[in-house]
Amino acid sequence: MATIREELQAAVRRLFEDDKIDYFLGYVDDYGHTFPAILTKDSDLSGLTFDRKSYNNLAAFLPELRGSRLGLICKQCEVRTLNVLAAEEQLEREKLVVVGVPCPAMIDPRKLSADEAELGSDDPALWQEKCRRCLERNTPTADLFVGEKISTPTPAEGWPLLEEVEAKPAEEREAWWREQMSLCIRCYACRLACPLCYCHQCFVEDNKPQWLDKSVGAENNLHYHIIRAIHLAGRCIECQECSRVCPVGIPVDVLNNVLSRDFASRFGYASGETAETKPALVAYERDDPEDFIL
Amino acid sequence: MARIGVFVCWCGANIASTVDVESVAEAASRLPGVAFATDYKYMCSDPGQKAILEAAQEHRLDGLVVAACSPRMHEPTFRQVAAEAGINPFRMQMANIREHCSWVHADREEATAKALDAIRMMVARVAQSEPLEPIKVPVTRRALVIGGGVAGIQAALDVADGGVETILVERTPSIGGKMAGLDETFPTLDCSQCILTPKMVDASRSEFIKLYTYCEVEKVDGSVGNFKVTLRKKAKYVNHELCNGCGDCFHKCPYKKIPSEFDYGVGNRTAIYVPFPQAVPNKPVIDRETCVFFKTGKCRACEKVCLRNAIDFEQEDEFEEIDVGAIIVATGYDILEPAEMAEFRYGAIPDVITGLQFERMSSASGPTEGKIVRPSDGEEPKVVVFVHCVGSRDENYKEYCSKICCMYNAKHAIILKHRIHDAQAYLFYIDVRAGGKGYEEFWKRACVEEGAEYLRGRVSRLYDENGKVIVEGQDTLSGEQVEVVADLVVLATAMVPAKGTEEMARILGVSTDKDGFFNEAHPKLRPVDTATGGIFLAGACQAPKDIPESVAQGSAAAAKALGLLTKEEITREPTVAVVDPFICTGCWNCVTVCPFGAPEKSEITMTIDGRKVTRPVSEINEGKCEGCGLCVASCPGNCIDQRGFSDDQVYAELGGYLERLRAALTHE
Amino acid sequence: MSDPPVPNESTPAPAWEPNIVGFLCNWCSYAGADLAGTSRIPYACNVRIIRVPCSGRVDPLMILRAFREGADGVLVSGCHPGDCHYIEGNYYARRKFIALKQLLDHVGVDPRRLRFSWVSASEGRKWAEVVETVTRELLEIGPYRYDRDGDD
Amino acid sequence: MDAEYYKLSAENAAGLFERARADYDVVAKTRDANGNLVYGRPVSFEDVAFVDEQPPMSAKAFALPQNETLVRYERGGGEIRAETPEAPARDLLLFGVNVCDAAAFDIIDRVFQWDYLDDPYLARRERTTQLALACTALQRDCFCNRISYAEDGVDAVAYPREGHYLVKIQTDNGRRLVERYRNLFAEADGDPETEITSFLEKAGTAKREPLLETAQSGLAGAFEHADWEILASTCIGCGICTYTCPTCHCFDIQDEGGYVGGRRLRTWDHCTGRTFTAMPAHQPRDRQYKRYRQRLLHKFWYYPERFGPVLCTGCGRCITHCPVKINIKELVEYFGGLSDAPPGGRRHAP
Amino acid sequence: MKFSYYPGCTLHSTGAEYDQSVRAVCHTLGIELVEIPGWGCCGATSAHSVNELLAYALPAHTITNATEEAIAAPCAACYNRLRYTDVNLRENASLRAEVEKALDRPYRAGVAVRHLLDIIANDVPGEEIQAKLQGTLGGLKVVCYYGCLLTRPKKVAAFDDMEEPRSMDRLMQLCGAEVLDWPHRVVCCGAAFSLSRTDIVRHMTGKLLTSALRAGAEAVVVACPMCQSNLDLRQPAILKERGVRERVPAVYFTQLLGLALGHSAKALGFRKIMVDTSSLLARVEAGREAPAEAEG
């Protein structure tokens, strides 16, 4: 991976020197962690890297930097997010420089041991679940590609955890979700880490009227997560950041998968595929299924 | 704390029989925000309304809840009472304790509980109701009529009669539409030219009507009272200011063999032409497609003879933007292309023609000067077969009945008799439909006095045999297979919307039905309105129709338009959406869902951290908003709310009912 | 200022009755319910109606709030597709209902709690039947108890 | 009072757990259904997880719960009935909690006994006894060795030795715990103080200069520092660092229910959130880095300036669980003048 | 391509020449025909006007016996009855139960019923037929007569346009015949009235024959033994009544196709046609020798 580091730093330095960008959004590693960082032309680039802990979806930082010329490292996750954001006119694509990288599949942080020996291994069991379903390891539509392209293994099918929960009978499903939801502390990290939750004032911050109680509790938490999943219908690109950042380990992206699977099979939604698809809930077909309507 | 008055109505016995109105009123008086509560036998009666006015004065009420019938019944009445009592009409709500309660629940105790809940919900709702004033929208005192047929002309004349300037736009070189091409009209057989031409002349002379012929509607923006319409004035290549209509040019034009659209190909016209002698305006246009100058650059014969050098080959299409307050659509009809139906061999056999072609032949000013002839050899036909319902009432083509064919077929039979005394007419029909005034008598005259032979059955096949047209069909009354050896066959084909109707519907944002005709707002109660305010329909563009109905609809649409245009400004329901620009992120969900194009893209400039930031945000055009609330529910950030049906009101209503439950629940 | 006696407190509490919140669109379903009234068609008394301009106005937040505040069932009723006074309101609504139904079914909430119907202004009888069906099925599955106050 | 030292054998530790369950509501580290480590109520001694690793949620909730009903009211029959929940009926024993979690209570007691005595909080603290278990090694993100304030105020700290624990008692609650089960404790022999010091040295948790308290004067001048915008602007404003932190104690008062009945409750809030200080006119901290700056300065400048100890015990949860891994220790050092290299090398334009 | 072959009663009797030419043509074009074991009469027009259960049970019996996935039926009447039965049994559960009770075994649904013209004109690629032609039909002037059952009703027999079918015209064109246009492609020939109401058949068939002659046809090409026999059997008498001396033989499209594919007239059963076909065969022969432009 060493070469990626040098190539990346060189490429970014050139971008700054050629005055192509005002800021660069990438990953930096320090004190044992890899984390997103906003770099300027006089930042020390020595920390700039791209490794198997670069999980963050950098598109989540676009609103803060809107309007300025911005270079950013893009895995396929970011590119699909940019497509959805472009369809909703939340970014000016011409002001962005998409730096493509060969993405070696991110390691699930919960499976990292203290010495992080797993970072070297290629065992798919250690990957984040989304990476098994990844369609393209090398960033498509990148303005600038750094590093050599790598092969993309055939993507796995299906959503294992969703199918596992779904297999339970209704009472067990309710108990399982009630228990997960009782852990939720409503820190909203899942909402704020999600690049597609960019509303200036989210419904959870409303108090006139206060549709959602501020207090935690299995039902309040469940209602919050359901509404969030609805707002992502046909939009969520399954980057699984929401589940990764959850401090108490709730697999919140399962709720998103319920809708992305259903909207894909029923209405042909491939979120993030193009920069034109409108969110699922502001579209309809005359023959949408209505067997459940009296 | 609000000072709300609750008025529980007995509605005679309708409510009081199952709802304990006294206990409900007494309980209501103790609800939060209620300053006064009472019950009365007939709230909507005069004494009832007076009681409200007095109570409002005495208890300084600032909100009303009338627990009685459905708001769809008396909401306007009690809004009026509120206004008189100095209370904003939108702080009056009706609790439906009759249709939704006393009339459908027999158990007295249950009905009373439900009535109290309904009142509790409405009190909570009124407490959250902002005072609202109807939205005032200025009205442009000018009307646009699209389509210069008889319906359009009538509408334009009637609107002009009301002293309102009217723009009459017609796509072809002259107004007059289909009716101008007809000969005598049923049921009176008076010649259409004689009754239509005066109206056409009035339209061209009226000081309030501006005629735009050879002109199409390109784009329509804005909303009721304030439409902004872009017109495309097609290049005529003749300067109508200079031209005095002497006609030298089209007499001189060497190209005389161009099939005339107006005559449906029965006659021909020249490249520079006036569609028919009584055309209004009676000045020619040059058809770019068939004029040889535009192909080879030679000829220019018309230019040479024109003493007023009115010919101008350099003319371009011009665009003009006009502001109108109302639009009347009268784009008329076309006939279904018979060539699609192979069994009638239209086009293969020259002596098989359409009803409109027969009209042109029978018209004195037509290409055959009124003589009915066989297109193949020009001879007078002795045996003529008229075929009804060609393409109409047919599941393979058009399911509907085109309404006027029975009558004009009878008319054709009569005209045939008048023109060729020894001619024999055969008419294949399914049912003769003669429902209009004087229609039955007219048809009876055709088949009894004029000897037309009516054969009840459909035509199965036509074929030509040495100059004759053999018509195979069936006479279901006699059960016989029938074969008529005819000299001429006239097909009464189905009426379909005029070409370009779909395009016009898209430009106007008005929907069309399964057969492509414009959708009226309500088939029985609002036949000339559309779902879009300020756009009205007249004539066959809405459904197959005869001349009397088209004229009637023309006047009706005019009345509707005048009702709108004689006002300085119109008021619209204030229950429109409103966007909070500070929290809107410009994702345009609202723009996507709104069926009326009300949300528009605008901007807001804010200072964040000392820097000026300009952001695209949505803004609702109150003129266009119909108050459906679709955008409110599709905005993830709840940036849009709807006045009169606000989130706060729905939340309060929900809380009003369920809070009682919640309190009861927490007792356990 | 005291509060009115809660009716089902004083009288002996009848067997449990489901509490249903009904969101009805003003042009079709509300008018259909009115017609049930004018035609004197009796039906169960469990639904409390909230009038909205269109079924498209109903936000999933409102439905979940209703369950949170103590409703045992929620019914949203609008015009038949194609009849909507606002041309396509019910089409958008239907897509939202599909998403909400999918999620509630997944997390184990009984699908008979959240019901949708198309009732036109001329279907008074159908409105009565819808209310009867929804009430009867809610009687079978019992009150909706997720967790009341949430403070564990 | 000065510390007292006892020895507690491994078997007696199990005995202490079983016997304490009769008198105390015993909380200890255990695994929940998902296999996550939590402060739970294990039923048997085997379920107790004796690991250095900290549960994501600190023990703060046992003194300041995320949701706490202050008063429940109900209106009916003409008058309003209001009831406040009673104080907890049983004593609480925090058995084997991390020292950094135990030490936090004493730090935040100061603000809850400040000019206003917070009865529900203090009632709970009254009945809580902490038997902390010292860590055998410094975890990756821990920096308790850079905070002066370590076990001060903790009722009892147990240092694992071979086959037994050296227990240091520092408060009355601690002594009462030992007196209750006196037979399980033996007198400590040898020199406990030096033994503890060498234990800390070996574990790496002994104090190491420069302590973060010394950054306070530097931080006082760093409010306008240009690098806040760059170094803290990746903060996404979620509530993880504050909700998992043992010392963050800010809360919001909410009313739920309505006219007929309901409750007023206290619930955690987080200064990094967009609505924390959102005033009707505007949000004074209108950029995310300002909100993060507020959290850091409150912990390492405003709080120590008023109450003495820094509002931090160095547990490192705010780094471990931060979605963007912002490191508060590094930032305190940088803005406090203890180091000149900004974390991740992102110096702003000079 | 492999089909279950359903000859129908006439092809083993009066329509033998159709059967011979069908087998010859299919053999050359590589269409394998497996005669349905134990096939029965399809009931034709007489069954469904007398007893509905019988009208459905007979075809159902034949379809259930079919071994292949699809049935090829050369006769328009059989094709129509089998299609009718298949469509109705699939849509009407109670009728199906009744028929299965009558047959005393389950009905084999899902078998595709195809008319032979549909198979040859639509499934066999034109180029393949072109390649296998031994000689053309020498510009023989023909009109194609589909009859009324082959393309109607739309719901049941939908392999060509109901009013103006062209599949046989295309096929004859391919074989080098001069296909003339005429208006009576789908007008009824009188069908089963041949015995009970011969007057109607004489009237209807007379109209067809005079129309064909007027169009200049030297042969009427048919695809149904019923139509063929009506047009052929009493042609001399019918035309004599109308004072017409010319004759126009009604031949099967498979016979002309067979000629073009090089089979002998004898093998194709031309001698079985009542109206003398020798002049027609001579005409084809002459047309073949004459150089191309002469045909024009």
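Every chain is named by a letter (A, B, C, D and E) in the order it is written, and numbering of its residues begins at 1.
FYI, a contact is a pair of C-beta atoms (placed from the backbone, for glycine too) under 8 Å apart; a residue touches a chain by one contact, two chains touch by 3 or more.
Quick caveat: nothing in here was measured; it's all calculated off a predicted structure.
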Going by the stated contact rule, which chains contact chain D and chain E alike? B
Hopping along touching chains only, can you work out the least number of steps from chain B to chain E? 1
Return the chain whose centre of C-alpha atoms lies at maximal distance from the corresponding centre of chain B. D
For which chain is the distance between its Cα centroid and the global protein Cα centroid smallest? C
Please flag the chain sitting at the greatest distance from chain A, going by CA centroids. E
Quick one: chain B and chain D, Cα centre-to-centre, how many Å? 72
Inter-chain centre distance, chain A versus chain C - centres from mean C-alpha coordinates, in Å: 36
Report the inter-chain centroid distance for chain C and chain D in whole angstrom, where each centroid is the mean of the CA atoms. 47
Contacts with 2+ other chains: residues of chain B: 32, 593, 634, 638, 647, 651, 655, 659-660, 662-663, 666
If a residue has to touch 2 or more other chains to count, which residues of chain D qualify? 67, 75-76, 259-260, 265
Touching residues of chain B toward chain D in the complex: what are they? 32, 608-609, 655, 659-660, 662-663, 666
For a test of understanding, state which residues of chain B touch chain C in their complex under the given definition. 27-28, 30-32, 70-73, 96, 98-100, 103-107, 109-114, 116-118, 121, 511, 531, 575, 593, 595-596, 626-630, 632-634, 638, 642, 645, 647, 650-651, 653-655, 657-666
Residues of chain A touching chain D in the complex: 28, 30-47, 56, 60-61, 64, 114, 179-180, 183, 185-189, 191-193, 201, 205, 213-217, 241, 244-245, 247-249
The answer for chain D against chain B in the complex is residues 72, 74-76, 257-261, 286-287
Would you pull the chain E residues touching chain B in the complex into a rising list? 161, 163-164, 182-184, 187, 211, 214
